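Two complexes, one shared chain (subunit A), two partners (subunit B, subunit C).
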Partner chain A sequence: MTMTGAAVAGGRGDIARTSLRGRIENHPFSWLLPVALLLGVFYLYPIIDVFRLAFTNASLRGGEEHYTADSIHALIANPILLDILWTTFVFTAGSVIGQQLFGLGIAVLVMRGERRRLYGMTALRTIVLIAWVIPGIANGLIWQMLFSEAPFGAINSVLRMMHVQPVAWLSDPNIAMLSSIISNVWRGTAFSMIVFYAALKAIDTTLYEAASVDGANGWQRFRFITLPQMRPAILVNSILITIATLNTFDAIISLTGGGPGRATEVLSLYTFNTVFRNLDLAGGSVLSVLMLIISLLLAVGYASMMPRREPNE
Partner chain B sequence: MRRQFRVALLATVATLVAGAASAQDLITKDRVGPADAPKTLSFRLTGDGPGNTDPEIAKGYQKLFVDFVQKHPGWQIKLERMSDNIGQEQARMLEQTKSGTGPDCAAVDSFVLALFMNAGVLKPLNEYFTQAEIDDLFPFVREGITGKDGKVYAWWWDTDLRVLYRNKDIVADAPQTWDELKAAAIASKDKGMEGVLVNGGRWEGTTFDWLANYWAQGGKLVDDKGKPIFAEGENREKFLKAVNYFKDLVDSGAAPKRIATIVNYDEFNAAAAAGSTALFIGGNWQLAQLKATLEPEEFAKWTFSPIPGPTKDQRSTGTGGWTIGAFSSDPEKVAMCAGIAKEIYSGQGNALQQQLPTSKALYDKFDVFKSDANKAFAAALVDGQARPGVPIYPEISNQIQVMMGDVLTGAKTPEAALDAANAAVQAAYTRL
Partner chain C sequence: MTSDARERLWDTATYLIAIVIAAFFLVPLLWLLSLSLRTRQEVYLGAARFIPKHPTLANFEQILSDPAFITYLWNGLKLSALGGIGCLLVAAPAAYAFSRFHFNSRSSLMMSILAFQMVSPLVILVPLYRYMSTLGLLDGHFGVTMVYIAVSLPMAVWLLKSSIDGIPKSLEEAAEIDGCSRFGIFWRITLPLVAPGLASAFILIMILNWSQFLVPFLLLSTDSKLPISVAIFTFAGTSNASSTQVLAAACLVAVVPAIVAFLLLQRMIVGALTAGAVKG
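And then the complex of A and B:
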């Protein structure tokens, strides 16, 4: 090939690439259409339909469906709702704080172990991750066996052997909430651990070296370097696990069923019960919209606390 | 001669192998009948079928299904197995059948049958059963499957009931009344037992088992129009009396506080196997489970009697069970569905699983129901009461479960808990 020929060929390639880029840049809609369709059909449409159902009297029992605000009024007038929201707040706050604390603790432990080249750090990470991959229903059943108040219940049997009074893990309304939080923290800690472990790995080690030169002790290094550096990870993790905990009902339904009474009936479980036990599709839709609003508000609240990038960054 | 014998033997073996292969081809995990059969019936079923976890029962059902499909050439049955979350499965099926995407034929839990009948999704089955067969059903069964127009909309093929199980070595005589049960339970604690066990957690079993104490006094949950009336007039008194009875069992120590967490009949089997209880209120099917779980000499100590009432003469027991209903608009499929109910489940299926039949004639037809235990269960069905077939029942049940938890844990007084339950039920009723 002559020089001219090569130049022409190269020029054609450039033209083709420019043309392709130009077509994408000038007509992005056609390229985004498949994913927009997918998201629209599987995510957006159900959300719109839930909003629509919230303004109807729809029921799984049958009967004519018509548009009304009665379902929304019924929810507002429902005296149980405040109790349910309080239960949800306690469960979510307890779970989020517990998962973050334990996740951070384990991540720091693993990091320190790796720095000191201790054996078993990978095994430790793997063991923590096992809890995470266990399905919610199985998690509830495992903890139900552990918390069982029968004479052969696992934890109470150990307590008896130690001459300690057995605990009413699931039959006492207050302790039942604590038991639900413990089981959820056990399952969710691994996710926080992964996020924090990745964030810890990304911290520049020269910061710690400089702090050591300045005479900072371990707590000061953690307080003034680790925590500020991990702020974005902690906030992102907070958003994700708060929303995940708000949606948790499988672990609770198999552990306590929401009982005793309504002691552990969180908003997601109440929504599930409204649709699948009361067969009230409209009522369940109103509750779903409420859950969506709470999740969005929390997400916006957390996001507003995220550190902003400077324009010159 | 020898050669002829060999040929005959080979032919026999070949035929048997071919026959066996053919039978295996006729049933898979999700299909019965030839895969290329032109007509298809979709059948949604519970564990009562070829996929039963007990290999013997599964084998028995496989044979019943294969025999059935061979009698109906040109058909294949697509099996759709429900999960164990029956409440959710039935709610989903109701929604599907309303939108026309449900199965052609399905198992419908008797306590939600009214919801399906009210939704108008079931097809009448009268022409597939004789009037004599319908008349032979127990009254509560016949009433449950009959619509307002007098037509039969499902076939209720098995039933169950609740009884008081006891370890005869520890509780020699059957308690007849509430007071006798309380005394026997407290006495059993002196022998290392934890008292009487009953369902008390957030699930249908709690409502159903406790209702026997309310029904025994003649209490009614709903009036003739289906309006909840359990918190009105005499019903309120009876309701509170039955709630206070359970509360007293816990407060006096006759029942452990943990009953507020029991959401599974298996807990009673586990306690019996661990030797930690001598008394529990359970289902008739648990007798076979105890037999399978306990050592023979331990099982011999266990027996059962009717649930104690406020007095010896005031008795009741909750009866449930499964029905088969047809949703298809195709008359041929409705006929096949009725055939499944009649030829597989009603009678043969009862005998296979030792589940109590719903008609008197079947107790005489099958030997398994002539045992002393099954005769006693059949006799106890006289006091049987089914849950009301009204659309508000699931919400009534839900509120009774919440109420029971609140009362047993001391979170609310029985009166306050009843008022809260009634307010929630009435609010739901006005939205129906």
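And then the complex of A and C:
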């Protein structure tokens, strides 16, 4: 290595700045290169290509490809699309509302229990969280064993023991949607619970003391302190679980397979069927673009409801 | 009624509600356990035999003595672990840069990495399926591992960045004075210090990879290459009412590793989740 005058005078730092290796090592982008490459190849390029494919007649069967707007027209003209979007809306709204209400309720309960030093609050939290690590496929299969109308179906066999008419949990189109939402709430509630639990812990307790001095009752404290303080957490959580629910695929395909009929066929499942059952790559790409647009609109919509940061924060 | 008595009444209510919630979350898993321990005859007796009269381990014997099933478990473990290691190797340098370098586009780059998390794997698999087929990467564990790495990258970068933020810079500065190169500092000083964070990120990513269904379902077709998540789905498709107890046992075997890993690292996983939530 040749010692330059600057290096002798300035020590190691100058070598680092002048030698090629040093320049590479000290530039942040060389550290980010592996991530950029992987995300570029496996996310960015496919996303761009989905937009391109949406304007073609591409099929997984092969054949000549050319640019056309036919796939987009075909989708808009397809009467099934409205049903799919409605199904997706009901499933997503039901899951998101159910998970948040339930998650908030459990978080408040655990907080109260911990404040009063009751037993078993950590155990309760753990039990709820266990459902969260169950793989989506197993989630669908487990709930199938609970909802089944066969003799081994847990819920109906209990109803029969109580001489109540069994319910067609999975074969009645209207009830199948409710069943799907219940199973999704079972698995997803843990995430909302833990987010809300953290947010509740972060609320300044002096706010509650001040409210008590002012004579606020329990409901008023919850309504005027807890809820406003938790608004950012609720909004962030809403974005995350809405998009997660929109992308839910495995838990539905293993519980109902989209049926009966199309009663529980949500947008992600419909996209999957279009591409990999009907081999219609262009049509599936149009649906994928639709999924991306819906996610983006939802994220922007929720973000615009976020409170602005106070200047002193 | 005094306020103390009222609080105690509320304590009782808290316990009662807690029991109902715990039951809602536990019963599905207990039902799975109950079915998996039954004989075929007892399966038909439904809830009356919640606790089987003649419990048997025959269902577990049947699936665990099946070499194909062991292969599915091994494939699941292998893909999850390779995906986890690969993800950390790619994510760690980026997390280091986000934590230790100061450059203009830092926060906007971090946000755009997070934005990828919002994209459904289904959307990227639609075009990827065709490329990978052209490149001959279909039906191989290499291709699946690469997609696993990409899918868990955004989360890994964020988790590791906050772990590296938590360790003091003084040791790194000492090493720099001793003439250690930047990469040497990262490799010999920062990574060993952040080992607990790496380990917890690794386990969390492994749990998520273990549940991964869509990617292997689409990219793999040879039976002996399938991971357990895909295998139980295929098995459920071919099973009928008379093999429900075997399906329950298979399901339980697929679920237990994830639960055990979670219980061992619960404190850390909850910590990582809540840290993100508070910052959110």
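The definition used in the following text is that the second predicted complex is superposed on the first by the 270 of 313 C-alpha atoms of A that agree within 3 Å, B and C clash if a C-alpha of one lies under 4 Å from a C-alpha of the other, contacts with A are read in each partner's own complex, and residues count from 1 in each chain.
Basically, contacts are C-beta pairs under 8 Å (C-beta built on N, C-alpha and C of every residue); 3 or more make two chains touch, one makes a residue touch a chain.
Just so it is clear, the model here is predicted, and its values are computed rather than measured.
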{"item": "Joint occupancy of subunit A by subunit B and subunit C, clash or fit", "value": "clash"}
{"item": "Partner chain(s) touched by A:P151 [first = subunit B, second = subunit C, both, neither]", "value": "both"}
{"item": "Partner chain in contact with A:T56 - subunit B first, subunit C second, else both or neither", "value": "neither"}
{"item": "Which of subunit B and subunit C A:R262 touches, first, second, both or neither", "value": "first"}
{"item": "Partner chain(s) touched by A:V133 [first = subunit B, second = subunit C, both, neither]", "value": "second"}
{"item": "Touched partner set for A:M291, first subunit B, second subunit C, both or neither", "value": "second"}
{"item": "First, second, both or neither for A:N78, with subunit B first and subunit C second", "value": "first"}
{"item": "More subunit A residues in contact - subunit B or subunit C", "value": "C"}
{"item": "First (subunit B), second (subunit C), both or neither touched by A:P232", "value": "second"}
{"item": "Common interface positions of subunit A, toward subunit B and toward subunit C", "value": "60, 150-152, 275-276"}
{"item": "In the complex, subunit C residues that touch subunit A", "value": "7, 10-11, 14-15, 17-18, 21-22, 24-29, 31-32, 35, 43-48, 89-91, 93-94, 96-97, 101, 103, 106, 109, 113, 116, 118-131, 146-147, 149-151, 153-154, 157, 176, 179, 181-183, 207, 210-211, 213-214, 218, 229-230, 232-233, 236, 241, 244, 247-248, 251, 254-255, 258-259, 261-263, 266, 270, 273-274, 277-278, 280"}
{"item": "List of subunit B residues in touch with subunit A within their complex", "value": "87-88, 91-92, 94-95, 98, 115, 118-121, 194, 200-203, 256-261, 263, 267, 270-271, 274, 276, 391, 394-395, 398, 401-403, 405-406, 408-409, 411-412, 423-424, 427-428, 431-432"}
{"item": "Footprint of subunit C on subunit A - complex, ascending", "value": "12, 16, 21-22, 25-26, 28, 31-32, 34-35, 38-39, 41-43, 45-47, 49-50, 53, 60, 106, 109, 112-113, 116, 118, 120-121, 123-131, 133-138, 141-146, 150-154, 156-158, 160-161, 186, 191, 194-195, 197-199, 201-202, 232-233, 236-237, 243, 246-247, 249-250, 253-254, 268, 271-272, 275-276, 281, 284-285, 288, 291-292, 295, 299"}
{"item": "Complex interface listing, subunit A residues touching subunit B", "value": "57, 59-63, 70-71, 74, 77-80, 149-152, 168, 170-173, 256-263, 273, 275-280, 283"}
